[in-house]
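Chains: A, B, C, D, E and F, in written order; residue numbering restarts at 1 for each.
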Amino acid sequence: MFPGATADPSAPAYTVVGAPLDVSASFRPGARFGPERVRRFAETFEDYDRATDQSFSTLGVADRGNVHAWTDAEEYCDYLASVCREVVRDGAIPLVIGGEHTVSLGPIRAIDPEVVVVCDAHLDLREAYDGDPWSHSTVTRHALDTADEAVILGARSGSEAEWSRAEADDVTVVEPAAVADWTPPAAFAGRDVYLSVDVDAADPAYAPGTGTPEPYGLTSRELRDVVRAVAPHAAGVDVVEVNDRDDGQAATLAAKLLRDFVFAHADANADAADDASAGDDQ
Amino acid sequence: MFPGATADPSAPAYTVVGAPLDVSASFRPGARFGPERVRRFAETFEDYDRATDQSFSTLGVADRGNVHAWTDAEEYCDYLASVCREVVRDGAIPLVIGGEHTVSLGPIRAIDPEVVVVCDAHLDLREAYDGDPWSHSTVTRHALDTADEAVILGARSGSEAEWSRAEADDVTVVEPAAVADWTPPAAFAGRDVYLSVDVDAADPAYAPGTGTPEPYGLTSRELRDVVRAVAPHAAGVDVVEVNDRDDGQAATLAAKLLRDFVFAHADANADAADDASAGDDQ
Amino acid sequence: MFPGATADPSAPAYTVVGAPLDVSASFRPGARFGPERVRRFAETFEDYDRATDQSFSTLGVADRGNVHAWTDAEEYCDYLASVCREVVRDGAIPLVIGGEHTVSLGPIRAIDPEVVVVCDAHLDLREAYDGDPWSHSTVTRHALDTADEAVILGARSGSEAEWSRAEADDVTVVEPAAVADWTPPAAFAGRDVYLSVDVDAADPAYAPGTGTPEPYGLTSRELRDVVRAVAPHAAGVDVVEVNDRDDGQAATLAAKLLRDFVFAHADANADAADDASAGDDQ
Amino acid sequence: MFPGATADPSAPAYTVVGAPLDVSASFRPGARFGPERVRRFAETFEDYDRATDQSFSTLGVADRGNVHAWTDAEEYCDYLASVCREVVRDGAIPLVIGGEHTVSLGPIRAIDPEVVVVCDAHLDLREAYDGDPWSHSTVTRHALDTADEAVILGARSGSEAEWSRAEADDVTVVEPAAVADWTPPAAFAGRDVYLSVDVDAADPAYAPGTGTPEPYGLTSRELRDVVRAVAPHAAGVDVVEVNDRDDGQAATLAAKLLRDFVFAHADANADAADDASAGDDQ
Amino acid sequence: MFPGATADPSAPAYTVVGAPLDVSASFRPGARFGPERVRRFAETFEDYDRATDQSFSTLGVADRGNVHAWTDAEEYCDYLASVCREVVRDGAIPLVIGGEHTVSLGPIRAIDPEVVVVCDAHLDLREAYDGDPWSHSTVTRHALDTADEAVILGARSGSEAEWSRAEADDVTVVEPAAVADWTPPAAFAGRDVYLSVDVDAADPAYAPGTGTPEPYGLTSRELRDVVRAVAPHAAGVDVVEVNDRDDGQAATLAAKLLRDFVFAHADANADAADDASAGDDQ
Amino acid sequence: MFPGATADPSAPAYTVVGAPLDVSASFRPGARFGPERVRRFAETFEDYDRATDQSFSTLGVADRGNVHAWTDAEEYCDYLASVCREVVRDGAIPLVIGGEHTVSLGPIRAIDPEVVVVCDAHLDLREAYDGDPWSHSTVTRHALDTADEAVILGARSGSEAEWSRAEADDVTVVEPAAVADWTPPAAFAGRDVYLSVDVDAADPAYAPGTGTPEPYGLTSRELRDVVRAVAPHAAGVDVVEVNDRDDGQAATLAAKLLRDFVFAHADANADAADDASAGDDQ
């Protein structure tokens, strides 16, 4: 269980879903250990968050455990989508822990967002990789089958074809050096947003334990600021591509980002609720 | 290149083929690193073998490199079979380094043996695993589509259905404690034999770096004796399921077993050739 | 959850209890990771056991999770004893996973056996270690406060005072070389027996991941034979001193031994039940 | 021996004391290996420091070795305090290497400072943790029993109660983003200051090998600047919470910070002595 | 083979040469694994580079493999120089992967540059180390036997004698904090420049796997900017001191820097060629 | 300090000498960490030895620390020999911890034995390796410059030339399978014997952390029996080729073997002394 995910599972506000898919890693496998490892390294954190004056265990997070994965990524994403639809139908925000990046398609299909915000070193806009149309390097392209628009933060790697695809109107790429200055555009306010965090968006110094590490990435604080900024607008989140091939850095960071999402989302929603009820009072 | 595999690639007696397939590992992935790792740890060995008074580099071994793997195991085995058919057509004995156990189907289809001898902790006689009919745990069952008979040495794990299947006439199981006393039956003499070595046949003390370690296995010397005994009868061999999750023990053992196969096979063939030419002389 | 521990928790036949105490390790800490690690490495095993023709998941095993540990070993053992008393009162056999060896005192106090059989490289008969009377090196001495007799299998290390203590009538030491020939004495038949397995009884080749490795130990098969032989007589078992400082060997072996205990115990009980009901028929 | 700690032990200016206490780690143990590891990774450094034009081996550093630790943290800190009192009585500045953070209480009691400057991700202001009033997470609260004031640099984690405690007049918290601009207040000039460096103040990228890693921390240069700035005012220092669960990053950084303390302290003292003797000249 | 180094080896534009010398490491050996490891971790990268709109595999890079090393560094550098002379004579730019830093003397002697730009935490200006005049800590001094001038970027460690030597006119030291603002001086334009990258120039957070890690170093982006800026002027490059004692960070960074060198060099050369042919047109 | 090596250094019976030479490793370096690591893993052992009823700390063992190594193996062995001569002149038995095997030449030259007993997977009878006449693979040949005879136990690897050399009258090779039945010949009684233990004599299961692991080796008990049998005749011993590339198995075994040497040697000497004094009494 994710530490502090002690909510009554019948009516949670947020639901952790582990998605240990691990078939298409082209370099270093082990993303299957991500969910277990992220939960384990989350044990070091305090329940209380100073920035928002909230305690994690009071925010209604439940942990549904892992959705057992097999070798057919396409089928698995379908099944994961059905699990996430249940989560959403029950009124909860899905917090998905990968597994390889492909698993984002589960919550994305369940949520059907207008905008997908992706933190990633890679564009992930391929048609296929080594003949596999469900490779993790295709996930943002698949996401655009569902969403109208993708914003890719921290991207620094892609094939020539992917960079061409990225020039289309429905894709915005923010290079690593520009991420610190990025803020969610005003247009996010009224739209359904989904946030996907591939931990390789961070520099390998901050997250060595990932399948395809890529230098020159974001610092941990830059990633935090993106997550905290996007969370108030988001209807779901995932952190993916954490494996067990480091000394805990990647899992520690991923666990922290997931908590930051919850704190920022809950804080914004509470404010919104306060505003609403303040309005009611009049 | 496998150390000492310096033969003229146009007419080798033995051909190393790396087969880094790594999709169906149910527990710990990393078999994709097996070929690279086995070659690397083979660097510690002397060229010369005292037991047979031969030097490895004189025995006609070439290294074809790796057959790049992707996520479709069925297609990959087909392709690997075609590569191995070339090897065999060119008159060479394939020495395949996995990768997961499924890759044995490549050389087995190329050689079409009557008997398959398998060293393995597991029966690998499943129909499918998690819906995947090409899981590494199905390889011996698939092998029996090609071969008439399987002898499984060191097996100590299987589902109830697998053990039932193992009672059929075409399967012989030799439990670990009986392996030391096992010798190839006389019937092997005139038959086409293939040898497949899943490194998990060894006790995890001897080969911790494997996908599904199973205690109570063979010692390294017991495995060596099997390989040396079967090699003279064999038309091909593989060593599989070595990953990079130990300090080199599994790769060191696998590399040594592969060399022992070559030494024993070459020695027996040389003797046979001597006998034949001795006969010619008369 | 221990794989296959799917029994209805209200009336299990066996109950897994994790006891991650980790305060007195004098050399390498990490026994706190034992319960998690043993459960994880148990995932590689088949549900079915050929030797006894039983499936683990049908034998009534439940997993109560871990009993959270703190830094006071004495208090913790008291609390763990109360948890184990509940397990026993509910009619189940406790299967305790350490944690340091001290945790054996929990189930031993709950069961109050006449005989304690301990597999261990060390005598663990100290009065105290570094002033700590609850050090893991005192556990067998504490056990003798409850039990009438201790049999220590595989012991090869102790202080001079411990070896003197071991000469008393209530202690039997079986040195490693003699373990293969040891069988439970006839007197075990009618007595309450408890089995404690310190994984360092095994040679470090078989279980490097332990707090105080000691060469010249048992092979994995020797340990298995002891566990299978003692289990039919035993009212409880623990496997302790597994840490995370190896490539999985210690946890794999410990998980296997725990399963072997259950298979052998269930098999003997089923036979006994059969005999009894056969008797009833007359 | 700490490399370069070659001073005559009868009259050193600085004395290294290893304090391998390791009982209260709530997540990952191993701080007991800190002293050995910090000394070992210090071997990579040059004797000479460019910034201050001094050689470490000429600054009068001796190494007293480790004060053997046991499982009672309270008793151990008392004993360590007595050792540090000897160090201070002999006119030396203690340089303590932990061990868990609790060990700071040894030198703090020996020095009895007015101000404690703590670099730490955590407030460490708890009353107790899991019932243990000597947990490493209580050390700054205990320090305030001795000192009048604590300045906590880089703190980003604490319970709600700890943050409340931190609002009292005797605690100043400088959040990570503000540390780069922090300088010792003028009031430090005439006061007794002690510096405690919990290596987890650094971001896990810089110090993964620590018991409770916390993202969003300081860079190595930020930590260096704090150490260099505080050292001239300090009567003692410790670096704590380094364990052996990384590839040397934490120990390398801790060793460097300890040396930087000595260089900066000696440089300031030499200047002061020069000023004083310059004054004498008049 | 370095991924993408697919050029016709008879007329490459760039030639990768592995130089696994590993004898003089004073702290942590393993630089011998650098060439294999750098090539392996380069597999994660896309062929295409967005910054220069080029594909690596089209830039004429060939891989000559490793120049087998032995224990005599002086002889080895002589031999490596002869290999690099062949590379240069064939019109290619050598891309050398160490091995310990001493190997830079091979390409430097082959190229005979006027200026050597060195990224390094250490001055490497010693006469000898432990009596060994070919220690890696002497390489920049040896380089100045060939070159007229050395620029050392990121240096923060040296003996007193080395810092004195560094004050001579032929050495420029740029401390880590000043590297971000450094650009190649105008004088580089018409001169033969060689670039040597000791991976320990980076902070250990970015490259823990190196022989003598030194805190307070460069970020990965700072190193990239240096490499990209110097490459257009350079006639050769090396990346050295990568070992296998981390989770891939050092090798990943080194591989990326080597590619960045090629991209920047090729891009500048292409522009120059364009300019030249534009001139021809008139 | 080796644990228990608490003898007055002015007149020890045994002297530990660390010899961290590490230049000629052809595969995996790290033997330089052997002395530190062997001492560290010896901390797990009890002071008392049951087999001989002795306490290690009472047997007069002192630890001289390490003899700092540099890159010239020939010079180093000369220097180490002079250190060992001092040890011998002071009446002590040298206990040398390598370092690579070459270091045996230090104590061998100091002792000038008639017989050298070597436990080793390798013959080490080369003239040179890669042009290096002081490679660890030449040590037994060099030893025969001093000694009249070498007995090599557990050897299973060598070049053809080495095996030829091994057929000479002054070399006896006992293959691994024959070691269990080997006992010191009667002729040892009156001769000066030296014992050298290359830890790779053990199977890699028992000692993975060594430079050139070779399967099919000795068990830990077989090695112990050799050490205990030879010790009474020996005037010196070394354990070599332990590196830091495993989870402690090699160092634990090496430390234990060194202690077993001391226990067996002291026990035999005490008996001899008793016999002598018994004779005196008459």
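We take it that a contact is a pair of C-beta atoms (placed from the backbone, for glycine too) under 8 Å apart; a residue touches a chain by one contact, two chains touch by 3 or more.
Everything numeric here is computed off the predicted structure, so don't read it as measured data.
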| item | value |
| --- | --- |
| Shared interface partners, meaning chains that touch chain B and chain C | F |
| Listed pair (A-B, E-F or B-F) duplicating the B-C contact set, over half by residue number | B-F |
| Per Cα centroids, the chain farthest from chain D | B |
| Between A-B and A-E, the pair joined by more C-beta contacts | A-E |
| Centre-of-Cα separation between chain D and chain B, whole angstrom | 57 |
| Computed distance of Cα centres, chain D from chain C, in Å | 42 |
| Rounded Å distance between chain D and chain E, as computed from the means of their C-alpha atoms | 38 |
| Residues of chain B touching at least two other chains | 203, 205, 246-247 |
| All pairs of touching chains, each written as two labels joined by a dash | A-B, A-D, A-E, B-C, B-F, C-D, C-F, D-E, E-F |
| Residue numbers on chain D that touch chain C, as the complex places them | 22-25, 29-30, 32, 70-73, 130-132, 135 |
| Touch list for chain A against partner chain D, complex | 41, 43-48, 50, 55, 203, 205-206, 219-221, 224, 246-249, 252-253, 256 |
| Residues of chain E touching chain D in the complex | 26-28, 122, 156-160, 163, 176-177, 203-205, 208-209, 212-216, 245-247 |
